[in-house]
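Below are two complexes that have chain A in common, paired first with chain B and then with chain C.
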Partner chain A sequence: MTARPAATRRRPRLAVWKFASCDGCQLTVLDCEDELLAIAAEVEIAYFLEASSATGRGPYDLSLVEGSITTPADLRRIRHVRRVSKRLVTIGACATAGGIQALRDFADVREFASIIYARPDYIATLERSTPISAHVPVDFELRGCPIDGRQLLEVISAFLAGRRPCVPAHSVCVECKARGNVCVMVAHGTPCLGPVTQAGCGALCPAFNRGCYGCFGPMESPNTRALNAQLRELGMSTPELVRVYRTFNATEEPFRQASEEAGDDA
Partner chain B sequence: MTHKSIRIGALARVEGEGSLLVRARDGRVTDVELNIYEPPRFFEALLRGRAHTEPPDITARICGICPVAYQMSACQAIESACGAEVTGPLRDLRLLLYYGEWIESHALHIHLLHAPDFLGYDSGVAMAADHRPVLERGLALKKAGNELVAALGGRAIHPVNVRVGGFYRVPARTELAPVAERLRHARDQALATVEWVAGFDFPDVEHDYRFLALSHPAEYAILSGSISVSDGTAFAASDWPAHIVEEQVPRSTALHARLDGSTGYLVGALARYALNAHLLSPLARSAASDAGLGPVCRNPFRSIVVRAVEILHACDEALRIIEDYTEPDAPSVPVEPRPGVGHGVSEAPRGTLYHRYRIDDTGLIAEADIVPPTSQNQARIEMDLRHLVEPRLDLPRGELAALCERTVRNHDPCISCSAHFLDLRLDR
Partner chain C sequence: MNTVVMESLEPLVAGLRSDGFTVVGPTVRDGAIRFAELSHSAQLPAGRGDDQQPGHYRLTERGDELMFGFAASPDSAKRYTQPPRQALFRMRGAEVEETRSQAPRIALLGVRACDLAAIAVQDRVFLGGRHPDPAYRERREALFLIAVNCAVPGGTCFCVSMGTGPKATAGFDLALTELSAPHRFLVETGSERGAEVVAPLPHRPATGDDVTAAEEVSRVAATRMGRQVDTDNIQERLAEARDSPRWTEVASRCLACTNCTMVCPTCFCTTVEDATDFGGGQAERTEVWDSCFTLDFSEVAGSPVRGSGSARYRQWLTHKFSTWFDQFGVSGCVGCGRCITWCPTGIDVTEELGCIL
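Now for the complex of A and B:
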């Protein structure tokens, strides 16, 4: 990458924030081993606690936000992050859909806390795990559990260039065909969420003879009713159908509906 | 009466979010608290009612830095509950995948999180201004680890190819040839890394650690074995609950793990090295000796050297596995659910990781219990801080605070992992 000398221009300022999450999506930034130093030449990494002790004050041109909102303190913090960010992009299933910890939505969070903690009254937690967009305006949502590194680079490049990121909203099936995979559902009878799941992973699971498990969340127009009928045909029971949608994007509306419909159809 | 308190609101260059408080009065340290303010995610609760096949994918999401560790401890716990065992080439492939994670995680910690402390930079990226070739070598090494995980698992973070009983798909011998090519290069880079970090300036500090790690008669244990303690105790994974108890400490926000009644034992690279160094590959053993490591290393600042030696060992062993690999007959062994309890222990890059599951008579998980390395190390890290700070209370505040942060980083804590199990107190 050729760049003008840094002294002649102001580099855009990047911040990376973490809420309830596993750190995997922000790690994806550091996993861009070939591009990391080039990124650092183009943007000033002004706030990225996992990678640097230097914490530059806002405002920031681009904030990448990982994790979901699950505590009263984080509810206040995300509003602060929005105030100091010109553009805010959520990265990953937690920030975009509430993550695996949103399974509490289908249970009683006080009971969850009492299973683990001797003194659950010490735990400050909200009843639900919510995506960032439930609290502040979000400029773009990048999906995946975890996000895909190439898509992340596309998003950062697009925001630096002032254009919309080119991130397709079609299903994993499209990627699967493009990759030349054999359809695991048709050829092997393996249940697969590929038809209702957004592309972006590169159709990884089918390439490993496994059905897609929906870690990128619902595609733009998912026909879960038709898929559910097919999954039952392949031998999935009602509880299995309910569970298959209740993982990392469980509270995304199409997946929530699909799991509830599967339960109702029983 | 003189008071001094050091508060670090947000620890940098650690995985996850934590803070630190040290208070002293009249030359004595009165309080040390390594606090976790990460929100809990309730994994042990949400695993209840899931199928016996689901923990590898679900628990991987506890930690983006060491998902393979979670998958391996989970698989082995479920398999032991169901009376299944994964052996031969399938076990070798698991080891190979796990070595990839060690390489990736250790290379990250050494170059981007830990080395900046020794060279006086805020970050690895800032270090690149003066040490670019070294940082590029570190990133290449990290990439080699990630590529190994991706080759076997599909992707570096939350691999998709791991299942209870083995894998969904196993590689052909020919697929591993390009991986081996990269690993040979990585092994050279690892050797250079050992030499590089061995030349750092280490504070003269030693602690009388009580070490705990997995031990195996024939391997520098990573995937299986019995649990060994440096005082000579050893016990099987299934006896873990009889020896290790997590307790809530009222003055602290942390659950402290107690080993046979006493607190403050250490897991991780220093513990593995102390208990198992004789089983390192010959190349790693000689590199360790050239780097000035004795049979036991009690200086936590030198853990960076031990991690580099472990990368070298991981490259060496990964190459040996690829060399000997024959494709198994099936990508997995059948694991039928049955009511019972299973225990699984493996060595995550930052220390021993324990899982226990109880499966009910419908094949679903009735109980899950997970003990991550950092919640075991937390009490010991606080002891390190106390011992370090007390004789140095006269240092300027900034210098002392920096030394405290370094003391925490020495043990590569994964707060994201531990947070979901530790108690949490928020000032409101």
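Now for the complex of A and C:
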């Protein structure tokens, strides 16, 4: 069996969308330099403003959505994106969990606006920063801040083959050990969120003797209470413990709960 | 068995390298004593030791000349006998193409008696039974094993309880015992290959004093186990403890992070990952380390059979110490203590067994 030449068949149409985000995940798409031509041979990159000002009209076979929903305009636009997309995959912590900007959920966003802006009444923003799945059905959520290029390529090739992407939900420790890292928590006493964080980055930080920052959000069965006890043993204070979970995935329920429990246990 | 004495390991390292082996041995790296490629014996961790406790590992300065004055390293021989990722095959259309690469010729210097016992367990798993694994066999045959008898067991060691150490008795090409005053190595040969490697190297016959000194090293080491396990009737006792409340208690401290299984020298579970290219004409299958602590591991028809942490911990521990006998005729635990040291929350399997049984 050989694949038909790309020219003789309709290529699936790809769109990449941005909501409240830093563009880092879209840049990860562009960073897949070695594979971009192969992707472009198999899919028509119809809408991707980070890469091209050309805007091909929908519908699209696959939409990659970066960013969280933070404004009334976003709310309208994500419904449009869903309507024109056969498959919708969120890319990154913002689109999947609300992102760093979801820290507003723990405070009063109107108060922030009143401090930052000369005319806060010009600011139309929502009380909370929410993931895409809070508003429209999502076919797959790819985690990470930013996403991992290998995982993105896996998701795209799985979509093209019509199979389930191989994106494990187990802890970072699995890939940390496979990579041959020494456990930074055990051998160096460095606090690390790896045991409660989903794999995907290839255990990047521990490979450079840093603890995991939890960029990929909670793993499948996070035991944050047990980890918190250990992090306290390693000298983390209550405010540090609360803060360590309040980053890119702060409102993901297990991490929200972990930060609240850390405060309560004090 | 031929027993000789070497004053230095440098000729051994150089000799193995000139024979075409990659010499892999312990060296200080990333704040631990780890296996890495060695080009000289000077890279061995002379004078360094380790402090191992549940969930705790620190390098120490021993202030002596011992090059092997430490216990189990974070890496076991598993990384070489069963690598974390291996390509199995590639398919182009309907054509299957093997992607197995040639097994590297590695001389593993510094494996301990517990590690040799673990390799023997792996041999049963991969080569025993009706479906031997040819890739494992190739890697195993390409591996030259130089054991070192433990002089300084760690705080989490319990090989004496498991009957696997501290002295290496079989399964090696060469076995060294490091002796002091003067610094030297008693070298036992365990295979023809081992004897051939030693023959051209500088050495002298061992005297009665050398042999006595080596026996004393192993005798003293056996008295310095950091941990112990009562293995009498352990299968029956574990079967009776199926409903112990301790399973739930330990699950409250267990992160299900998989570290214990990853560092375990006998845990052999893998899964396969299939990848496809963008054009859809090519697919690849890769074998990767897996763990009974992940939910995917026991997923059947969309949900895991062992959903709770207590079910997963019980599965792991009872397999190691009990049902492994039913499956392979030996214990799955060799008493190396790695699962204790490298558990981020310091769960101690010997303590759990003491409470459960």
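Convention: the second predicted complex is superposed on the first by the 259 of 266 C-alpha atoms of A that agree within 3 Å, B and C clash if a C-alpha of one lies under 4 Å from a C-alpha of the other, contacts with A are read in each partner's own complex, and residues count from 1 in each chain.
Criterion: a residue touches a chain if its C-beta (ideal position, glycine included) is under 8 Å from a C-beta of that chain, and two chains touch if they have at least 3 such contacts.
Being a predicted model, the structure only gives us computed values, none of them experimental.
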Exercise for the section: Quick one: on chain A, after the overlay, do chain B and chain C clash, or do they fit? Just give me the call. Expected result: fit
Practice task
Quick one: classify A:Glu50 as touching chain B (first), chain C (second), both or neither.
Solution key: first
Exercise for the section: Check whether A:Asn209 is in contact with chain B, with chain C, with both or with neither, and answer first, second, both or neither. Expected result: both
Problem - Angle, in degrees and to the nearest 10, that opens at chain A between the C-alpha centres of chain B and chain C - result: 110
Problem - First, second, both or neither for A:Pro168, with chain B first and chain C second - result: second
Handout entry: Which superposed partner A:Gly24 touches (first chain B, second chain C, both, neither)
Key = first
Exercise for the section: Answer with first, second, both or neither: which of chain B and chain C does A:Arg87 touch in the superposed model? Expected result: neither
Practice task
For A:Leu227, decide between first (touching chain B), second (touching chain C), both and neither.
Solution key: second
Practice task
Determine, under the contact definition given at the top, whether A:Arg77 touches first (chain B), second (chain C), both, or neither.
Solution key: neither
Exercise for the section: Using the touch criterion from the header, give the chain among chain B and chain C with more contacted residues in chain A. Expected result: B
Handout entry: First, second, both or neither for A:Met185, with chain B first and chain C second
Key = second
Problem - Per-pair minimum CA distance [chain C against chain B, superposed on A] in Å - result: 10
Exercise for the section: Residue by residue on chain A, keep only those touching chain B in one complex and chain C in the other, then list them. Expected result: 209
Problem - Complex contact set, residues of chain B against chain A - result: 10-17, 37-46, 48, 50-51, 54, 57-58, 61-65, 67, 108, 112-113, 116, 122-126, 128, 132, 135-136, 139-140, 142-143, 146, 154-158, 160-161, 163, 167-169, 248, 253, 331, 405, 416, 421, 423-426, 428
Exercise for the section: Please name which positions on chain C make contact with chain A in the complex. Expected result: 29-32, 34, 55-58, 74-75, 79, 84-85, 93-94, 252-259, 262-263, 273-281, 288-289, 291, 293-296, 309, 341-346
Problem - Complex contact set, residues of chain A against chain B - result: 18-28, 30-31, 33-34, 36-37, 40, 45, 48-55, 70-74, 99-101, 103-104, 107, 109, 111-113, 115-119, 122-125, 145-146, 201, 204-205, 207-210, 213, 215, 240, 243, 247-248
Handout entry: In the complex, chain A residues that touch chain C
Key = 1-3, 6, 35, 38-39, 41-43, 154, 156-158, 160-161, 163, 166, 168-171, 173-174, 177-183, 185-188, 192, 194-196, 209, 220-221, 223, 225-227, 229-230
